[in-house]
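My structure is below; once you've seen it, I'll send some questions.
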Amino acid sequence: MFRHTDHLQFDVKPEKPDPVYARKLQELIGGAFGEMTVTMQYLFQGWNCRMPGKYKDMIMDVATEEIGHVEMIATMIARLLEGAPATRATQEAAADPVVAAVLGGMDPQQAIVSGGGASLSDSNGVPWNGRYIVASGNLLADFRANVAAESHGRIQTARLYNMTDDPGVKDMLKFNLARDTYHQNLWLAAIEQLKEDGLEGTVTPNALLDEEHAEHATSLWHLSDGPDAGEGRWATGVAADGVHQNGFLADPQPLGDKASAPPPDPQLYATYDGSRGKPRSAALGTEAGLVGKVKDALDPSKP
Amino acid sequence: MFRHTDHLQFDVKPEKPDPVYARKLQELIGGAFGEMTVTMQYLFQGWNCRMPGKYKDMIMDVATEEIGHVEMIATMIARLLEGAPATRATQEAAADPVVAAVLGGMDPQQAIVSGGGASLSDSNGVPWNGRYIVASGNLLADFRANVAAESHGRIQTARLYNMTDDPGVKDMLKFNLARDTYHQNLWLAAIEQLKEDGLEGTVTPNALLDEEHAEHATSLWHLSDGPDAGEGRWATGVAADGVHQNGFLADPQPLGDKASAPPPDPQLYATYDGSRGKPRSAALGTEAGLVGKVKDALDPSKP
Amino acid sequence: MFRHTDHLQFDVKPEKPDPVYARKLQELIGGAFGEMTVTMQYLFQGWNCRMPGKYKDMIMDVATEEIGHVEMIATMIARLLEGAPATRATQEAAADPVVAAVLGGMDPQQAIVSGGGASLSDSNGVPWNGRYIVASGNLLADFRANVAAESHGRIQTARLYNMTDDPGVKDMLKFNLARDTYHQNLWLAAIEQLKEDGLEGTVTPNALLDEEHAEHATSLWHLSDGPDAGEGRWATGVAADGVHQNGFLADPQPLGDKASAPPPDPQLYATYDGSRGKPRSAALGTEAGLVGKVKDALDPSKP
Amino acid sequence: MFRHTDHLQFDVKPEKPDPVYARKLQELIGGAFGEMTVTMQYLFQGWNCRMPGKYKDMIMDVATEEIGHVEMIATMIARLLEGAPATRATQEAAADPVVAAVLGGMDPQQAIVSGGGASLSDSNGVPWNGRYIVASGNLLADFRANVAAESHGRIQTARLYNMTDDPGVKDMLKFNLARDTYHQNLWLAAIEQLKEDGLEGTVTPNALLDEEHAEHATSLWHLSDGPDAGEGRWATGVAADGVHQNGFLADPQPLGDKASAPPPDPQLYATYDGSRGKPRSAALGTEAGLVGKVKDALDPSKP
Amino acid sequence: MFRHTDHLQFDVKPEKPDPVYARKLQELIGGAFGEMTVTMQYLFQGWNCRMPGKYKDMIMDVATEEIGHVEMIATMIARLLEGAPATRATQEAAADPVVAAVLGGMDPQQAIVSGGGASLSDSNGVPWNGRYIVASGNLLADFRANVAAESHGRIQTARLYNMTDDPGVKDMLKFNLARDTYHQNLWLAAIEQLKEDGLEGTVTPNALLDEEHAEHATSLWHLSDGPDAGEGRWATGVAADGVHQNGFLADPQPLGDKASAPPPDPQLYATYDGSRGKPRSAALGTEAGLVGKVKDALDPSKP
Amino acid sequence: MFRHTDHLQFDVKPEKPDPVYARKLQELIGGAFGEMTVTMQYLFQGWNCRMPGKYKDMIMDVATEEIGHVEMIATMIARLLEGAPATRATQEAAADPVVAAVLGGMDPQQAIVSGGGASLSDSNGVPWNGRYIVASGNLLADFRANVAAESHGRIQTARLYNMTDDPGVKDMLKFNLARDTYHQNLWLAAIEQLKEDGLEGTVTPNALLDEEHAEHATSLWHLSDGPDAGEGRWATGVAADGVHQNGFLADPQPLGDKASAPPPDPQLYATYDGSRGKPRSAALGTEAGLVGKVKDALDPSKP
């Protein structure tokens, strides 16, 4: 269960409204790496965590903080939209290049739909969607996704920091940048902790390593003609997992047969000349199960 | 420019068709972490890479390989759908529990739309979309996203490996698992290489670290009541970047003012009692620029 | 800013796992009228509210409660998925009709992607998206949307209540149903309060009523041939707003000219026989504005 | 079955083309509360209506009218785009601030894709989608959604009315505003009619009111710290349904156990320390059904 | 403006309900090539048509018919869902293989959201969206898209025809198949008519044929190693446009320079070693336009 | 399996950066008829092709070329974005009309997300999605979709050609236009080849023509009141398939019964007055199948 205080986590006080910038800031709410994504990604990871204790508790701490970040950005956008010339007619706007530039750079839905507030969309107006998040239950894979999310989040925030000279906006973004710095460090530390606790290795999942085709787990296939691909650490020496040896396959040949689709079901009307015969039946079911027993029981040819 | 050979990178030979499994495998084509995502993510990262040389060459090698993985999974799905009972009527199907189970577990569009082939959708039939990929130009952030993608890719492949007992399918997945193992190692090595080459640090972007509010770059805000959140490496000791000191803010208080939206534009019809006055104008433009000069030139009150 | 406690708002204790039902419950998380929608709709309405005081405070109370409802459903889904036969191969499953039925009714991504947990999708696996919510700043319009959301939410919950006989699931849903009952009453009361406070009328927005074409604000246009459309309260008597008189236009005729598209820009290659002449220019800008003044200043023909 | 006349329901005659406004008007075609939404929402409600008679007939009347509104807006957009400077090169445009402002404010797809016509998208170019509509079969819930849709539709139309000074555009919008006024009154009247006819109550669905946890159907949970939330009609007096008593829970405590996810299936590779044991089986099926009988029949241990 | 009659264009009378088939039929409503797509595609083409007369009139005839097809399929789906066991609990269902098969094959939203009616989604539950349609204003391109849509529509209908043995369903589909046959012939005839009327040629748009690089308008680039690609009519003889000569480029070499991205803006933080220098400015604007004149007028260095 | 060379298929050398045009070009990458669509459409058609030989080989040739087209456009966009004023603050931009115009016309995500590179979205920033492609297995239907795609592709390219005066951009587009010309001819030739080879006819699928209601396969239903619809080739003479006779149904009457939805399941809470009785059961299963036999075997009333 959650509780809320009306106070924002940090100050959100633009010196002046700026409706053009208000559109750009939408990226930090509804973009694929915006605050909404980390909020929901961490919440679902926390709820999906299988172990009570420090991991789950930490994830819920960060997740709860992130809801407050959505609140900060949404508040900033509303404040940046104060007094925006959104209801000016085109003729009026075209008569004043500044107004025209502002209108051309605004998100029209911030006025028409949200009445001067933020929407749950990115800087191109595309709505946030639930496929942006991942919570697999495997903490190593999830924490790696979190490191990536915080990295892209900080890069986008830094780019946006360079796109304004409003001291109040910059002040808020200095806080966001700092939190992104900490959260990158946090998830990197959490990855180390998982290894230290013996819960995960370097390759995830830490399973099927004995079953996979080990001979294909080591080399870069050189399939483009850029000549320098073999010069990196990925092509020589011991791999990051400490087990495999990195390699470089300079002239790789395909190992498989020719790609082809099987003969089609005539009732699906694929174009077909019959050259590959008729389709085999999908051989499913097993005579060893219940149905098999029932079939046997009902089969007059069986004793 | 690309070239293609009809031979698959690795064998794709299911022992028997299995239309139920063919639906599940769609996740590896059109899911958020499927082969389509890594193909397009790496292609755009390669095309967007700003430096000729080993990074770009390596990215293009891997990207080109991944198109071939989409081809392998698409071929496998078509072969698993051979002879599927897709055109059976409900009555017939309901009369045979095995057929009914197969039909209930199939993706209907694999028959109705694709005529017995794969679609560019995930295992729930949701189409792949371009927001799944990221290519920011910042290689550290991008490689971290790649590590995450390969981690989730290997986990999903491993789960799917456990959902079949067809030796031909398992044989192909053993190859995919191995490539995912290598690709995890590869992107981890590439991250090390970036640091070794002095191109990136630990926190990305390697910028604005002096401008951000440093005092907020170090501590976990304890906003959920799980008592163990302070016990991990993220709360004590030196941070992963070797610079910051990790901390734990046990009883954090909000630093900001009260959240509120500004007074609204009356022409947008937000409900309002007037208690906060009228909106300020959006103060944009600067008298120092061209428009300012023009305004001055045209202003009759100025000499 | 938000805080969280690990305790759920209400008990979430299924008697037995039920992975088929776990898929259906996704509708209450990620459906268009699920808990995620009301959470985000109320949060954005609260953040976008222009008046401090009882409305904003109440909206934030309810919004904060709803995050906890997402948590409850996500937890319920994970518990319903305990021990689900998700990793069974098709052959095995087909041999046991019960297992086959379960697998056919499961959401495959709950296993392959979420590892036995909820996703942020609806019962067909379609991800939640940000266009499901509305926060217009106009509280009457928004509260009406809230009444609708709680109505559809309660109907869907009631339908789902009838689809299970697990006493633990039913116990949780009895709580959700009760909250939906209260929230329907709450938003209806809030609508009355708005009128009582003189902030809104019956028609929203409470504006332009004098400018609109009043003669068209009263009658049902009878455009389908069902004979009984004129028998309802909408066709006679005083309208809900207490101002208009309801009417019925039994044989309506179009009031407009013929629909047609204007002559096309030749450089856009619409098929065209020239019969409608050439396109007019888009006449924009006004001579009265800054640009007009500049034009005049630069026009050699003007003194 | 439908029939069409080339005459528009009302005049659509802009005085002058205005391509910037043409983009904004897209919201009324393809926005979540645009004409397409009410068209399809009402059509599906009509087709899904379970009773012949006045409700179904009225719904089909309004639905049929709304198709004509899509036609009106699509025609208006094409006419506003006449002669738009869409094919001007950037250099040319940048040389003329008016042209530049127009191009910056246009929807590029209206030229590149639609050749100077409307698309089925909103004012940010996001395509309309079928999840915007609802037709539940429950007329009270559906009519409430209709009231909300007409309310947001009229607000957006009113906002757009303020964004133009073209008398022809305003003339058309005066008609749309009037129809929205009538349609708000109509759906409010229809809700009253449902109650008068004894078909629905105040809370919908009119069911399970005796089964739900009645003690939780009355109070606002005070989970945010805004002090005024208890001052509204929602917190005191008789509820809108005339049955419940409104209340205010000033210091609510969670009623549930700790949130947690169950022990995971090892084959799904969730990170797990084993602390919560192994997962229970999903106990499905019942011995009382057909399968139970078959199992019994086949069980050698049973007589 | 549109009118509606309650009578369906053709009979829609299933002999028996069949909820599994009701899900599959969703493809014909909300699929990319379903009735909704052709309805909206033709409506927008008609509204966007630039010439009064036979083309526009015919398009509007067909478009209006298609709305009635959506109505037919929506009605069929509701009738097929009559008495569906949607509210059965999992245990009950698992006890009866027929019920379990039915539930496994149903679309859960048809019950939970639509209350036993159709939704505006495809057979996987993905909502229809506005990007499925095209109306470019160029009738040749649009009619070709219409031929394709009717072809895929008839194929999907034919596949669905094979998936049922209900005589009432088959009767309706025999009508749909026949209309699809006619509509394929119709659009093919309309393409011939366009050429006969001298409005369009074979290649569309009938423009820029003299400006394009003619030497690249004739040959198949042989970029895959399948040996038979040169044996078709596309590789020899006169092209379909009667002008070009088809050819086969057996060993094509790239004509372009190396792919590379330019030096990055440092404020966007792309990883960069400086090897390609600094970015050039985007050289926009022209001194010949209004701004150029103003600049000159204000430039103190100019006389 | 694929291979890649760093050389582009054709030169991609803009004379000057142009970030406004860079946004428009996104349509050719991520639009519904952009290079990504033809790439994936042809790849899936090739992989889904059921016959080895000239069709499959040709499809794979073209598909492989198209990946290189995505590469060309992505490279062009990055080069057009060189030095874009993306990080300018609003105030600065508003002071210079040229900069303001550029910023207003840019895609903000090209800077914030992609760091000065292309994204996988269209010119309105909407991400590409997998439902844009079709690969049905039926080559006639698929090739018709390909003709349509190349037609819309060439139209959009031609429109974009008119929107620039940069000689380097125009040079690349002259190549793209030429390839689109050839590809239109190619798919038209391939359609002729299919007929010549006896694989497909004119109506697709070439099946069920004897079963469909032949009397409805010939006439235009005149459902709109435009008077000229009967004057085209579609209304008289022999149809394109050489079999049917085209006709015109001047005053069509509906052939079906009244549209209605069946009585509802009470547990789904549709509003209902009981006037149509109770719902019939969904009569599924057949006594002739396995379940029937089992039922009989277990039925004590049967001998």
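Going by the order they are written in, the chains are A, B, C, D, E and F; count residues from 1 in each one.
What we mean here is this: a contact is a pair of C-beta atoms (placed from the backbone, for glycine too) under 8 Å apart; a residue touches a chain by one contact, two chains touch by 3 or more.
Keep in mind that this is a model prediction, so the values were computed, not measured.
Asker: What are the chains that chain A and chain B both touch?
Answerer: C, D, E, F
Asker: Half is the threshold here, strictly exceeded: which of B-C, A-B or C-D has more than half of its contact pairs identical to C-E by residue number?
Answerer: Matching pair: B-C.
Asker: Any idea whether A-C or A-E has more C-beta pairs in contact?
Answerer: A-C
Asker: Compare the two sides of the chain C and chain D interface and say whether they are made mostly of the same residue numbers, over half shared, or of different ones.
Answerer: Comparing the two copies, chain C and chain D contact each other through largely the same residue numbers, since over half are shared.
Asker: Hey, how far is the Cα centre of chain B from the one of chain E, in Å?
Answerer: Between these chains, centre-to-centre, one finds 27 Å.
Asker: Distance from the CA centroid of chain D to that of chain E, rounded to the nearest Å?
Answerer: Whole-Å distance between the two chain centres: 25.
Asker: Residue numbers in chain F touching 2 or more other chains?
Answerer: Touching at least two other chains: 1-9, 18, 20, 32-33, 47-48, 53, 55, 60, 63-65, 68, 71, 75, 78, 86-87, 90-92, 94, 97-98, 100-102, 104-105, 111, 113, 115-117, 121, 124-127, 129, 131, 134, 136-138, 140, 155, 158-159, 162, 204-205, 207, 223-224, 226, 254, 256, 258-264, 267-270, 284-285, 290-291, 294, 297.
Asker: Work through the pairs of chains, note which ones touch, and then classify the graph as line, ring, star, complete or other.
Answerer: Chain contacts: complete, every pair touches.
Asker: Along chain E, where are the residues that touch chain D in the complex?
Answerer: 1-9, 30, 36, 40, 43-44, 47-48, 60, 63-65, 67-68, 70-71, 74-75, 78, 90-92, 94-97, 113-121, 127-131, 133-138, 284-286, 288-292
Asker: Which residues of chain B touch chain D in their complex?
Answerer: It is residues 155, 158-159, 162, 267-269 of chain B that touch chain D.
Asker: Within the complex, which stretch of chain E touches chain B?
Answerer: Those in contact with chain B are residues 18, 20-21, 23-24, 27, 31-33, 97-98, 100-102, 104-105, 122-126, 155-156, 159-160, 162-166, 223-226, 254, 256, 258-264, 268-273, 275-276, 291, 294-295, 297-298.
Asker: Under the definition above, what is the set of chain D residues touching chain F in their complex?
Answerer: Per the stated touch rule, the residues are 1-6, 47-53, 55, 86-94, 97, 100-101, 103-105, 107-109, 111-113, 115, 121, 124-127, 136-140, 194, 197, 199-200, 204-207, 290, 293-294, 297.
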